[in-house]
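If you scroll down you'll find the structure; I have some questions about it.
Each chain gets a letter, A, B, C and D, in the order it is written, and its residues are counted from 1.
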Amino acid sequence: MNLKKVLPLKHILLSILSSALLLSVLGLLMQVKTNLYKNVGDIFLNLNMQTATANAVTSVVTFFRGIDTVGEVTVLFLATSGIALMLSDTQRTCEKVVKQESFILNVGSRLLLSVIVLFGVYIIIHGHLSPGGGFQGGVVIATAFLLLFLANPNMSLSHSILTLGESLSGVAYVLVALIGLFKMNILLGNFLPHPIGEIGELVSGGIIPVIYILVGIKVGSEMSVIVEYFSKEDYYKEVCDA
Amino acid sequence: MIGLLILFTFLAIITVALGAILSKDITQSVMLFMGVGLGSVVLFFIFQAPDVALTEAVIGTGLSTAVFLLGIMHTSQEEMES
Amino acid sequence: MSLGYYFLLPVIFSFLTPYFKKLGSFTLRGSTILLMLILFLQTLAYTGVTLPQISEFSLKPPLGIAFILDGYSLLFLLIFTFSALIVSFYMVWFFKANKGRDEARFYVFFNMLIAGSIGMILSCDIFNLYIFFEITGICSYALSAYNKDKLGLESGIKYLIIGLIASIFIVFAIMLIYLQIGTVNLGLIAQRFGQIDPKISVLIVLMLFIGFGTKAELFPMNFWAPDIYQGSMASVNGLFSSVVAKAYLFVFFHLFYLFGLNSKYMLFVMVIGAITFLVSEFTALNQTNIKRLFAYSTLGQLGILFMALSTNSSATVSGALFHLTSHSISKLLIFLALGILIHKFKSAKIDILGNFKSGFLTIVLAIGFLSILGIPPFSGFVGKILILKGFALTQNYAAIAFILLVSIVEAVYFFRLTAMMLDKKRTKISVPIGFANYVVLSVLAVLIVLFGVYPSLLTHYTDLATNALLHPTNYLNYALGVGL
Amino acid sequence: MLEFFNSTQTIHTIIIIGSMCLFFIGFYGIATQKNLVKVLVSFDIMESALFLFFIGLHYQVGLVAPIVDSNLKTFTNMVDPVPQAMILTTIVIGLAVLALGLSFGIEYYKLTGRNDISKMNELRD
């Protein structure tokens, strides 16, 4: 085993290049002086009492920088569309073959499913009180379905329901933004009542929990679609090869 | 204490990341990448960012790895030698 | 109307696309045309109001995020919404001619590509701009892989990896900016950029340059562009060339002048632009694939634009913006016309230009070629002459000589293509052109001639844009929330 | 000794060095790896490094997470929430792009039997 084969010259040169870049960037970054100005986040922390949410990160994500989250949801939606475009093959002719499924795995995964989905819903609706929120809870729900697919390869989700949830929650999110425009004269305005005294309670923060619930539904259905495409892809391939 | 904890976590992450890059087996490299994510979760928690820690745990580590593993199930498992 | 509709309306349309699909392809195509028509009419309505216009999200700037429309973005908004309207009409023919494609998803990506590009030019917050950058990016990756054949997927993968590199550098730059001055609002960054430690500021500028320069197809980082153009459909190429590349170029120069980098880095960008122009035009000479050839031609024209836009003199910049508009229209015309030929001949070799028989297409393509080359009655001529005049005013004769010399190279292949089209000896096959395409292509050709004969129609907007770009005081006041 | 390790200054130095090492490990991976999956893994490592860098430099000893609970009634003495919100967004976007890239890779592998990006050279003149 000679060294040249294990570590080609190109790799050695590139590692030297990387280290040189590392050292120069480090040299620059070590001189980072402390910020002369007040961070915008500190101002948000002071403002945060007004939105009456216990979790400041949530109010930044859904309210102070709300349009970012609309964009983020759109990015996920586009990625899902792209994955569906790539992996949904309408020309596949081979028949679906019912695969062997294990009874214990099947029952066990179904039992776990409800618990995991419940946990996801908890994370979503407590997004403005504790760490977590629509994105995290939505993905937790999607992992429940991943478990189901792994345990039972014949499982398939109802695409019409998923599409309905995805479209309706997305449109509702944009409508919430537009209602803010009509009622508060500012897009994404917090038009629901949000008295400061309610801070820490489940119903508080005006539109913020509403937005996170909509985001949770959307992310949950999109991620489930992604997971289904990725796990079904393998299934179809095996069936077609056989 | 916190400083030492951060230092050792960083050392662990860097080792695991090097392993992930240098490993010839793709599945192994994905699993090691999951190690990087887990180390990041610990660090985010230390940095008082529980929201980011939860997100990284669920999305950056959990679902990413699952998607990677499902993805490499039907592409080649090993790097082809040229 | 609020500026937010530019982003929110396409988003609603995209979310509802599965249901439009169920109502049939007529609804799908019709709704997209309607959407683009609404956006275009809204933009036309904005030409009559006082600028800048602002619409805020959640909070007033500088704390919250806002969309700001000034003269500079108005010009680009006109180009983008017009191109989108044209392409949405063209796609009606395309999907009639190519049955069995996933129409709904194409329209999702198309709508969001336009919405993302518009978001990039309107947003006054650099992190929000990054989100729109990613939206545009994902749509472009998916559109270039849309054919799902070997070439399409290869271009999709290459574009995705390039996009990932660019986005990592941009995220790094945004992080350094936030660490240094504690904000992501463009107005505040512009105000405080001078106070950053010069070494870190160089690092930030370098990161932003790599990030946006890669996407805007600047010289050392544009090796990927011809591959992407070759792998994707002709209509998508038209969009890339006239909308997406222009959006990245907008952001590049917007940040360039806003952060006050023009005095320090002017020569650098100019030289890079000149090299882009030179290398691309020489490489274009021996291309045999027609899409690649026009990809290199696009890169060359972007090189001229980079040279002229970085000069900081209002005459040159105004000329460059005129040239940019004219280039957008001409390239859209050329790519859409080529799409018809490529569909007919099922090949993208350069020979297909000699083998078709259609008086209309010949005239239209010739107008496009000659306009890009800069021959008198067409708009490209006015653009180039204005740029050269601007350089003459600042006594930059080297740039004039350089542009003229390299234009000779450009002339070689454009005249070769025109001669090939007019060559009577080749076997000619007649090409069917749908009714919609007659309308679409004639509108574009008439616009090219119109702007060539009456440049004053456009110079009003380019002057507005130049003023807004070089003296962004108004924009800054709005972004800082002072002028409200 | 323990005092030294508990100062904000030291912690920030460790964070800068560690995250930049991680960043350039990812960079080296992108430059040398040929398999599409491993290139995507390298990108994710680079992204993680940036997240650690950004969140870490906004942490100072003594600050707490920006969440109020029964013991903590005001939003004072907390870490900056904006970087956390930005990172949250970037993580989700990262996953979206990664999944899209993998789906391209799978489709390409089905057509050609390869996912080696250095051999993707059909697009040429």
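Following the convention adopted for this analysis, a contact is a pair of C-beta atoms (placed from the backbone, for glycine too) under 8 Å apart; a residue touches a chain by one contact, two chains touch by 3 or more.
Bear in mind the structure is a predicted one, so any value in this text is a computation, not a measurement.
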item	value
Comparison of A-B and B-D (more C-beta pairs in contact)	B-D
Chain whose average C-alpha position is farthest from chain C's own	B
Geometric centre distance via CA averages, chain D-chain B, whole Å	10
Distance between the centres, which are taken as Cα means, of chain B and chain A, whole angstrom	18
Inter-centroid spacing, chain D versus chain A (mean Cα positions, whole Å)	16
Cα-centroid distance, chain A relative to chain C, in whole angstrom	31
Junction residues of chain B, two or more chains touched	50-51, 55, 59, 63, 67, 71, 74
Touching two or more other chains - residues of chain C	127, 131, 134, 138, 141-142, 145, 148, 178-179, 184
Contacts with two or more other chains, residues of chain D listed in rising order	21, 25, 28, 32, 36, 57-58, 65-67, 78, 82-84, 86, 88-89, 92-93, 96-97, 99-100, 102-107, 110
Footprint of chain D on chain B - complex, ascending	1-4, 6-7, 10-11, 13-14, 17-18, 20-21, 26, 29-30, 33, 36-37, 40, 43-44, 46-52, 55-56, 59-60, 63-64, 67-68, 71-72, 74-76, 79-80, 82
Complex contacts: residues of chain D adjacent to chain B	2, 4-7, 10-11, 14-15, 18-19, 21-22, 25-26, 28-29, 32-38, 40-42, 44-45, 48, 51-52, 55-56, 58-59, 61, 63-67, 78-79, 84, 87-88, 91-92, 94-95, 98-99, 102-103, 105-106, 109-110, 113-116, 118-119
Touching residues on chain D, where the partner in the complex is chain A	13, 16-17, 20-21, 23-25, 27-28, 31-32, 57-58, 65-70, 74-76, 78, 80-86, 88-89, 92-93, 96-97, 99-100, 102-104, 106-107, 110
In the complex, chain C residues that touch chain A	2, 4, 7-8, 11-12, 14-16, 18-19, 55-60, 62-65, 102, 105, 108-109, 112, 119, 127-128, 131-132, 134-135, 138-139, 141-142, 145-146, 148, 178-185, 192, 195, 197, 199-200, 203
Partner chain A, residues of chain B touching it in the complex	50-51, 53-55, 58-59, 62-63, 66-67, 70-71, 73-74
